[in-house]
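Look at the two complexes coming up: chain A is in both, with chain B in one and chain C in the other.
On to the complex of A and B.
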């Protein structure tokens, strides 16, 4: 059995000694790096053509009620895990380089956040998924609440209330799923892989999917459930905003792809049109609103709303190309949005409260920053040839095959992306030189370069060789979307792979009768 | 050949990276060598490929080569691949040949600039992107090249980034080009949906049987590609960015906004001729768009006071001829005109650039006059260029423009009517070309004289001289009823070109009318502008209404501004300022309020204490977990 050591390591590190800042920094770095190293190890041994979960680790917990520690990665999860470990490592480096007040606590919360997200992306048990889903809220809430600006109370309240509403609905859905599944198959389990095979009736599937979808829609956020976003993004420390947009927003789309669509294909099919509509509205709305923002941070924040709409399109198209594009775009968006916020952080040293109109013409004094910003801006507006273009292109290719209207309307977002990103770039870096602070402060320093270089290199790497990521996602995506394709009555030649519904229920006892439930994942490699 | 082709493509990219790498401005000599050499070597290698291909039979002049499998997604493989065939080689020769001349010119023209290496880095990036556009072996990398030339163009239009007009112009160009890109990607989506591939070879082989002749799908693909064509090649109604693009340095205008990038649309139609032969409505639309553009752009060119803007509108107009030809299926003639235009328009821009350089940045025709007596090579270059642009025998434009018109006559009433528009446009071209020439180079010196003129050195003269020879004599490669070297060369790449041959009658009609009326127009221009500003100033107030409309480019900019930009801004403002805090928020807030009221006992939560929220959350989570476990047991 292969352990997933990074998760355990993080639990240890999450409670660092509170003496002196140096050991804390060292511990934080070690924690992040161990996770990253473990991740690389998994990546090296990962079977790129496998659809199953790999590196599965199962520990008994409360098996009689179907609870167990069950984690593993497939071709989708592994990239999100990688994104999480890399971005959190960079976040910790950035924190150490420019320490906030009460640095040890901040680092601790960052590590807790990382743990929660890693757990979420690897969970193969609905309860575990839910626990991590809730757990990730805690550190982020604290970081907003303690280190946020003067609007943080209002922001935090919205953030918590919105998310809690979604969570409660999801909780009902989680429990409901297990019980309904028991009625159908006679087997009580929360294991996602096993639940996939359960043949729910259409009503069950629809209702349960609706529960999950609402939670995901709030977390994403999907228009019009984005009420918490402007306040939270606006009030949080920039680093936290970056992580919210880059990593936490992926939790919801990941859940949609991992739980929503494969477990409840009929329900997902019934919700296709509404979700696609909301995604398209979100793309257009987010882009237009982003264009008219006064603050750099909010411009990027709203653009994130639009970009996540693209990812939802790719998932809800139930198309292998679209799904693979969506996974790639999750990674791309994480990298690009993190880099964008990093740039805002640098520029705001010369600006007044991150206001776009407080600086202009910075190219003259910050030429290196101008190049980096240009590169990131081009990736953010997905110019052909950039990494983000690859994702968007294939998402829309897949969407276009089945929903021409959605893909066509979504292209409005591409045009607006050019408009708002150029507004940000040109207003700050072109035109006559003007700055509220010292204009030269906007130049890239070595410190900034340390955490920005990996992001930029990752963008370039994906632009030149996207097959490295995309190649490993095909089998998993096929498995994830095939049931939904059948539910959507696609022609047989377009079904990604055959689906076997309802595994023989006879061998699985009812809860309480037989404590050993691990037999059901005998197919997974150990 | 593939290795050579990859080197041609790779060299400018490597040069771009090297030029960007050093933290400080490298020595200028080094920059010069790094800037010009890659393109020059690229030209020599392209000539080598051309030579080798020439010795091969037509059906062996096509090689596809892939560097690596770039992506394989859901059964749709896309390779980082190039396709080298006759058409590609033809375009490579144009890009590297004209490009190396313009870059050599620029090494001197840009001498006073403090950002010397940034300019050449971006120029090399452009050449790389343009080569990628024409060498790509599938639609995906065609779009990548298409997008990247747009980026390069954006960077170079906004090269003087502290000038607000340049910044605005670059943004306009970029956004319009992105609109074009959207058309292209939608066409690609449609191809994937219908054919499941993006490879040129497969798409063109299967288009006839699987897309069908004149079906909705074929027409849709052709129309979507047309959006890209119109945006990139500055055709009506997406042409408004090109005149503003003259904010870039003059070598940029010569290379990108005259000789190469803006002709990409013509290349695209010729490359995708199989698709266009299946889409008669789209093809006819293209021809009409070309005709509209060539005519109206010529009228606007009448009124321009800026020498570069005269040339810009003439570019829009000349590309209109190519697009019209390509829309009519006259692919050989369109490609012929593309090459001739590259020669004479690059020449005109470089000559104008030499003038602007000599006058330390002065671009207005009002502040010129009599320059013939001060500047030798630029005068000769501009004169030859103007003759070629006007299509006067025996200069290059005569052969190529007339070929389009002559062959158009053979295509029935539709072709004849377009040919008539083209002929009228040709006469107008002769007039505005020589209006610019007479006002800048003939007549008395401007008031106050010139004082000190910056001298043009050899790095400026050689390109002008070479292009002068090209603009003067290159037309002889294709002579009516004689030989057709370009058609013969491109023949294997023409997968679906209808065989249109001009008859002697039409040749005579067109040649005579463009020649005679063209000379008459030149004479008129001389009578009006050749003897100083007196006549012009006396008639400056004739037909003020018409003049104003034409000067304002038929108000299109204002209309776009009003309809798209302003209303878009209003919508965005309304959403950002009113709906966002009010509408959506309030509706959601109401929901939350109801929820909170229901949990009336939790009112104290509004104390705002963050910790208490989190505390409540943790306790809540614990309770919930307990409920879960219990419910599981029960």
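On to the complex of A and C.
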């Protein structure tokens, strides 16, 4: 089931580049659309109240050493998978509409990136997770290195070095987890679900969590591990920057929620305060720096740093509402950031190198654009009624219950978001008309509308009906954060799920033949 | 009782026999036969030997009174040697070096291959040494075969001198082993050692030390690696590829055969020695490779580091370790051949083809080969999901399993360092500027090498997906190694 998008994406890669651009485009679109269609099919058949992985697919790979192909989605992963397929489909459309040089290669790399991310979001095996984590780096590095601007070499170097360091720490943690787990349970496995059941001692849990957390913090990036971000975001082609911010950063938060917190609850608990602190610093820092940027691209880039801080906050609060908010916000942020970058791409046609002060008063000549931009800006600064408001509200509610200080400080970020987003809007759309290029170029064309419209519609949909997403995440979130809540010594009535002494892996149902979980037993002890 | 059972020795006999045939084919008066006959004959013989190795697959058979074995271990390694040799034959299809030496070139390659197969299939110390010598002597000549090039002669001479020293150490070690146990046959030596509790016997310790040194030279493991960069750089590139895959595999096979096959009982005596050279190889190879600008030297240092990874599997002394080593040998074969194929092609396209700069912006002119080289480099660096990653993962996993976690950490750090120089090659290919001044000329044919390169790159990917069946085969081979 999940394999379908991968196979389709692989097909496109195999296409020889000599046969002209049209079949390549067609293949790329087919690849992306098949992925999207498969995704919709899964979404249609998804059991919204189930906490377990669904649509599990396993294949032997190297069973002797615990490697296997094991994928599936739960209430958290499904939304990220959806986000990935939608955004990459739009990215491919955008690429086709405004083709870069050497388009086939670019499309190929896009599809490889999509494959890696889909694999990452669905992986239920730590090694598989690691494999896709690394594989994701390669296409993005190539896209920066080949299509980036003149600073690309140094940007690429930083990007690769930073992420490689994180990856290797993570690899050590992956292998370490399996061996420690074997010493505890006698079973050698990399399966994430099985590892959840393992009782690590506090030290083990802390050290292993630290390994994973470092890798995630670098990829996220969390302050102070964001050193690669300005350069990479600045040097990459705008589309790639958008994908980096919209999807790749989600990979890291997702890892935190999928691997970090559920498998190492004690470790996660020990790291709550440091991670919350870093997240809050990230929020404030990102917002302040975003405010002072002169380039639109970097403004959005830094604002994304702040928004990711919020998501981390939601996860590390170990609260069901906070976690739900975090998942919702992952999706929101993905859409909003992608839309923001798309807007930057449009405006910068009239601007000088995406500089904010090179344009103003565009609303006179580009009314449609002004409307869309205002809508996106409202979402970005989480004004009540927008989609991001729901997410941030959930996160702050969840956090406030346990860490008042963090929630209070984080609201600074919301204030600043208003300042920098409105500054961007004011500077570029209000005031006397002035532009470096032809100002009318900044108007939304049909081409732009094709890829912008789905994003805006998705934003509106979530704004009006967030329960569509939130409801389906509840069971999974409960399951993910409950162990950490126990580790954090929360009062029993606040623990999302009663203490679940997971049955030993031997008696767990085999993937595929577990009974459909219904609402009654999703929250009950098994 | 002399039990001949010639069938079990057919792969070796085919290869060694054809070595003579090719030599004479190069002397016949008809030009066409002279040109293509030897290579065709060599190719056919290699394929025939592969077929025979496949036919013989199964339980152990002994030939020549047990001096030659045909079991899963030796047959599996036969495939490594034969594939490497076949690649060299494809490389040299119409290569300038072999224009006037049609017969000698394939003949020596075959002789060397026969030596490697003897090593893996030896049943006693004499055959083992014979194999090592046969493969080395043929390679001394092959390194120097481009006699009009000073570098080639230098390479041959260096290899001869260092190789002779290595052989002397090795022979002395074998003699000590004979002295300690009073037998030449592996099976008897093994029995002798397990019965008489010879652990910590000075004779045995000296034998172990000398054998490790001798084989360390052959496997180009640090600190016995000094010859490697010079010899690799000077030798014809096809031969370099052959040395870094075939010879290394033969040396690793000898390591496995001696230490895991016949000395498993006295693991405590040899483990430390192997760990030492493994760590030294990883450290020296990776650090020295960082500053190389010549692709052949870079690959030479990388092969030193790779030898270190392979030795990790041997140092564990477990079946899982041997299994991982065998798997990694295949992965290493695929990725190294792919890398050398590209270097070889580049050498035939531009005058300074072995320099790193010559690959600058290569993907614009030759996207296919750029992809091949990228796969090779990423796989050598251990990027998932390529087979180099799976191999390293297995090796390091086996080390952790054998309570040698720190060795795995050393290996992991080594591969982090290696990422820098492997990715530099990738970076130059994809992000470098093409030099419009560069003189593109056709110095030699590239078709055969392209085929090898593409096939190897595909194999490097395929090995990942076929990990399960291949590991089963490797496990069978590793177990047959330990069978009495």
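The definition used in the following text is that the second predicted complex is superposed on the first by the 480 of 526 C-alpha atoms of A that agree within 3 Å, B and C clash if a C-alpha of one lies under 4 Å from a C-alpha of the other, contacts with A are read in each partner's own complex, and residues count from 1 in each chain.
One rule holds for everything that comes next: a residue touches a chain if its C-beta (ideal position, glycine included) is under 8 Å from a C-beta of that chain, and two chains touch if they have at least 3 such contacts.
Fair warning: this is a prediction, and the values are worked out from it, not measured in the lab.
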- Looking at the overlay, what does A:271 touch: chain B (first), chain C (second), both, or neither? neither
- Item | Which partner reaches more residues of chain A (counting touched residues only), chain B or chain C | B
- Query: When the two structures are overlaid on chain A, which partner does A:319 contact: first (chain B), second (chain C), both, or neither?
  - Reply: first
- Query: Touching A:361, do we find chain B (first), chain C (second), both, or neither?
  - Reply: first
- Message: A:127 in the overlay: touching chain B, chain C, both, or neither? Say first, second, both or neither.
- Response: both
- Applying the touch criterion given at the start, work out whether A:397 contacts chain B, chain C, both or neither, answering first, second, both or neither. first
- Message: Once chain A of both complexes is superposed, is A:172 in touch with chain B (first), chain C (second), both, or neither?
- Response: second
- Does the superposition put A:156 against chain B (first), chain C (second), both, or neither? both
- Query: Shared contact residues on chain A for chain B and chain C?
  - Reply: 62, 64-65, 67, 127, 131, 134, 138, 142, 145-146, 152-153, 156, 160, 164-165, 171, 175
- Message: Can you tell me which positions in chain B touch chain A when the two form their complex?
- Response: 20, 23, 68-76, 140, 143-148, 150-151, 155, 158, 161-162, 164, 167, 170-171, 174-175, 178-179, 181-182, 185-186, 188-190, 192-193, 568-569, 571-573, 575-577, 580, 584-585, 587-589, 592, 595-596, 606, 608, 610-611, 613-614, 617-618, 620-621, 624-625, 628-629, 631-633
- Message: Quick check on the complex: what are the chain A residues that touch chain C?
- Response: 17, 60-65, 67, 127, 130-132, 134-135, 138, 142, 145-146, 152-153, 156, 160, 164-165, 168, 171-172, 175, 179
- Which part of chain A faces chain B closely enough to touch in the complex? 62, 64-67, 127, 131, 134, 137-138, 141-142, 145-146, 152-153, 156-157, 160-162, 164-165, 171, 174-175, 178, 188, 223-227, 230, 285, 288-289, 291-293, 319-325, 361, 363-364, 368, 371, 374, 378, 381, 383-385, 389-390, 393-394, 396-398, 400-401, 407-408, 411, 414-415, 418-419, 422, 426, 429-433, 465-467, 470-471, 474, 477, 511-512
- Note on the structure: Seen from chain C, its contact residues with chain A in the complex are 320, 323, 367, 378, 383-385, 389-390, 393-394, 396-397, 400-401, 405, 408-409, 412, 416, 419, 423, 427, 430-431, 465, 467-468, 471, 475
